[in-house]
Every structure is written in C-alpha cells, then in structure tokens.
Amino acid sequence: MTITAAQVQAGLAAALKKAGELKSPSSIAIVDAGRNLLGFLRMEDALLASIEISQAKAYTARSLNMKTADIMPLVQPGGPLFGMEHSHRTQPLVVFGGGVPITKDGAVIGAVGVAGGTTDDDAAIAEVAAAAIAG
Amino acid sequence: MTITAAQVQAGLAAALKKAGELKSPSSIAIVDAGRNLLGFLRMEDALLASIEISQAKAYTARSLNMKTADIMPLVQPGGPLFGMEHSHRTQPLVVFGGGVPITKDGAVIGAVGVAGGTTDDDAAIAEVAAAAIAG
Amino acid sequence: MTITAAQVQAGLAAALKKAGELKSPSSIAIVDAGRNLLGFLRMEDALLASIEISQAKAYTARSLNMKTADIMPLVQPGGPLFGMEHSHRTQPLVVFGGGVPITKDGAVIGAVGVAGGTTDDDAAIAEVAAAAIAG
Amino acid sequence: MTITAAQVQAGLAAALKKAGELKSPSSIAIVDAGRNLLGFLRMEDALLASIEISQAKAYTARSLNMKTADIMPLVQPGGPLFGMEHSHRTQPLVVFGGGVPITKDGAVIGAVGVAGGTTDDDAAIAEVAAAAIAG
C-alpha cells in the first residue's frame, strides 16, 4: 500500500496546523514502508537540529514498528536492549518521543517523525500527521 | 529573508502540478540560504534515487549560486573545475540540470532541486517551484 | 508485493549454481522494493570487495529501476548524468554490469546485485537469480 | 578453515526453521573469521531494524570471540569496559543477546547474529545456525 503525494501533503499540513496550535516550531518528516523519505517540512523558526532528528525519528519508528518514546526504557543502562540506538551504521536511531508508525488495516505503511519542541509536543504533532495520512 | 512554511508548501504544490503536466514522476527538494532542507516531496512513482539526487541538486545550486546544469562544462576532464563535484566531505555535488537558486531582490534566498525525469524536465519543474517561492 | 524467504533462498541457490557453471566466485545480494537487504551469499573464493559491490549494485538497480550496465554511458564525461554515481550521501552507486531489477507483473519488486567476476558474468548470474525470484 | 557456501546455506536454513518454530520473524547474518559478511537472510515479517542489528551482532561476536549477551554486564555504567560498544569507527558493537561465535576444533571460524525477536529467541536461533555450520 503506497502513500500518495496528496496524502503526504495532507499529513504535513495537519502537522503544521497542530504545531501552530502548540506554538512548537517543528520539522516534520514522513517515510514510506521502506524507510525512504516521502515528505518533509521545516517551519521557519524550527531548530536546525530538527532536520536530522525528525528524519531519524521517522526512520526509527518504521525500523522497529514502534513509537520512539516506547523504545527509551529498553535501551537504558540495565535495560534489555542497552545501546541499540547505536547499532545502525549510517543512521543512528532516536529513542525519545516524536516518531510514530503510520498504521492502516493492521499494516505499518510508513512513519512520521517530528522534532523541534518538547517530546510530548513532537509526539502529539506526529500523531496528528499519521492520522491524517492513514485517513 | 526567510522562506515561510506556506511558501514551501506553495513551491512544492507548484512543482507537483508541473510534474503532472510533464508526466514526470519527481522528487522535489527545497533548501534555505544556509543549504539546510526546508521541504521535500516525493511522488509515488518517482525513482528512489530521486530522493538523494533532488536534495543534492538543491544543495549544489545554493552552494554555488548557480543552476546545476551550468556547472557541467566546468567539471569535465580538461575543464577548469575538474573534480569539484567531489570536493564536499559529506554531500557530493550534482552537475546536471534540475537544481536552481531561488532569487529575490537580487539575493539568493535558497534553492530547489528536482530529480526523477529528464534533466530538462527536472529543470523546468524546479524553475516553476522557485518562481512560486520567490513570489 | 513481498518477496518471501523461500524465494530469496531460491534466488541465491540459482545464482550459486550459475556462478559455479561460469567458474566465477561471487557475492550475491538481494534487496526489496525499499532497497533494504533481503538476502546475501558469498562464495568462499569470492573477492572481499564483492561484499560491498554486490550490495551497491542491488541498491543502484532498484534506485533507478535500471540494469546497472545501462547506466554506464550516461555518467561518462560528456554524458547527460556525469557524476551521478556520487550523488548519494551514504551509499555510492555502481554503474557497471551486475545489478538487475526484479520485475513481476510490470512492477519492480526488488533487485539483485552480483560481484566477483567479469561484469558480463556478474550480470548473467544476476539475471538467473532475478528470474528465479520473479518465478 | 573456511566456511563453504553450502554450509552458509545450511546455517541459514536451520535458523529459518528454528525462527518458524519460535514464531520469531528474524534476520540472520553470518560472518567469517575476518568479520566479513558470508550470508544473510531476512524473513518477510522481520523488523527492518533487524537488518542492521543482526549484522552488528555477528560482527561483535567475532570481534570479541564472545556471545554478545555476555558483553552486556561489562559495558554498563561502572563496568570495566564502559562505552566499549562505541569504540569501532564504522560498525557499532551490540551488547545484548543474539550474536554467537562459530567454534570448530577449538577455533572461532566465524559468527552468527540474529535479530527480530526477544534476545532469548534471537540467541536460540543463532545457536542453531552456529551448530549447523560447525557440523
């Protein structure tokens, strides 16, 4: 199941609206089921680091089919997957909130990553984008 | 002079429309004056290589404040800038058509890169996006 | 359309048999539609460089939906896409023979890359693997 | 002592069978004594992150001639090798279960890494593959 350009635009627009409501200048990244970039938008006041972090969050959420916030406890010192975030050669994983899978009919068809604000705000914006894309 | 998210969305939408008219499935990338990614959109039939190439074109066009097609003759064997495309440590430059600076009031405020079709089509789509953003 | 583990095993086995007939010690890499690795096999006498080159060929063939041998003339000095092989940040493209798309019902569902021998032998082995997978 | 392609295929097949019994969709990676990839197989439902993590586990197990699960306590904060997992320039090490050396006649001839399930399941599958290869 592919995600169309119109769906990507709708997801970015929904995220932009939510980010405005939360006053959280953000970058939003959307990847497909193969972890390849489909869409990206950076608001003019967003931190530059949000470019890389939003994309890493989307990549991570699809790599593990998990919300990135849910990975955090697993990789802590003493946790069962300690250090997993560094296991990828060219793209580090991100383990704090803001990355969410896009699920449709029980299948993960892609992921959204948002960065720039608090992890709670990032995650809330990502959820809105994922819902707009899943329809 | 910054480029707003609304302008980025307008630039992506204009490029999408032009790509549809040309039947050229494309990726479109927009960077700001600092060569940092502002927006990206990949159409569902675009080649996956267009993800990287469109971004490389936008990066190149702003790095040199030139259309990427105009760089080609300079870097040929025997040309005055032979090999320049490999001079950047982490982001190779692209020297064929499809990357164009966004110019406003005589200043370069960013760049657009398009990939997926012929270099002529890519360049035509990038020009449309740049014009939509410059207003 | 996904490629099953059994299909990957069949593709690797078919490539291995062909490589034996050609006396061409090889590495064989198979990627899915998202350019992500599905299968890999290196014969015990294959050059170590074939590990990276076979994977780069499979990645390239799917990135461009082309046989890698067909890219060669386009990227030559004076060619329309001069230097394109360096446009990807983390995975260089390969433009000589040995990478072939896997096509089924008109859609590219993945790619095979083979390295270790002459480019003609590599390509012949890759074709056999792709045919075994497409069924 | 080299590992033949037939042994690699047998190791992958044994791992695949065990993964099926455990209902644990997995990626399996096999490296030789030089830590270089010999074989790889990803089951169609395996997480994409298992591609990188399985290879990192096999690399780690042979780099240290240890099961990866046994490394975990050593690299914890306060442990004697704290931070060791980041000591390799291009390939991060993995310190949780799923990577096992392949030992024959007292010598380590390679390693297997498995990812996709619980670390216990990953390790159980890797043990089966290593045993199939050691014969």
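All chains are identified by letter, namely A, B, C and D, in their written order; residue positions are counted from 1 within each chain.
FYI, a residue touches a chain if its C-beta (ideal position, glycine included) is under 8 Å from a C-beta of that chain, and two chains touch if they have at least 3 such contacts.
The shown structure was predicted, so the numbers you read here are calculated from the model rather than taken from an experiment.
Two chain pairs, A-B and A-C, are compared here, and A-B has more C-beta pairs in contact (counted per touch definition above). More than half of the contact pairs at A-D come back, by residue number, in B-C, the repeat among A-B, C-D or B-C.
Computed from the mean C-alpha positions, the centre of chain A lies at a distance of 25 Å from the centre of chain B. One simple way to say how far apart two chains are is to compare their mean CA positions; for chain B and chain C this gives 29 Å. For the pair chain A and chain C, the distance between mean C-alpha positions equals 31 Å. Looking at chain C, one finds that residues 34-36 touch two or more other chains.
Taken together, the chain D residues at the contact with chain C in this complex read 2-5, 8-9, 12-13, 16, 34, 36-44, 48, 51. Chain A makes touch with chain C in their complex at residues 32-36, 90-91. Note for the complex: chain B touches chain C at residues 47-49, 52-53, 56, 72, 75-77, 85-86, 90-96, 119. Taken in their complex, chain A has these residues touching chain D: 34-35, 60, 62-65, 77-78, 80-84, 86-89, 93.
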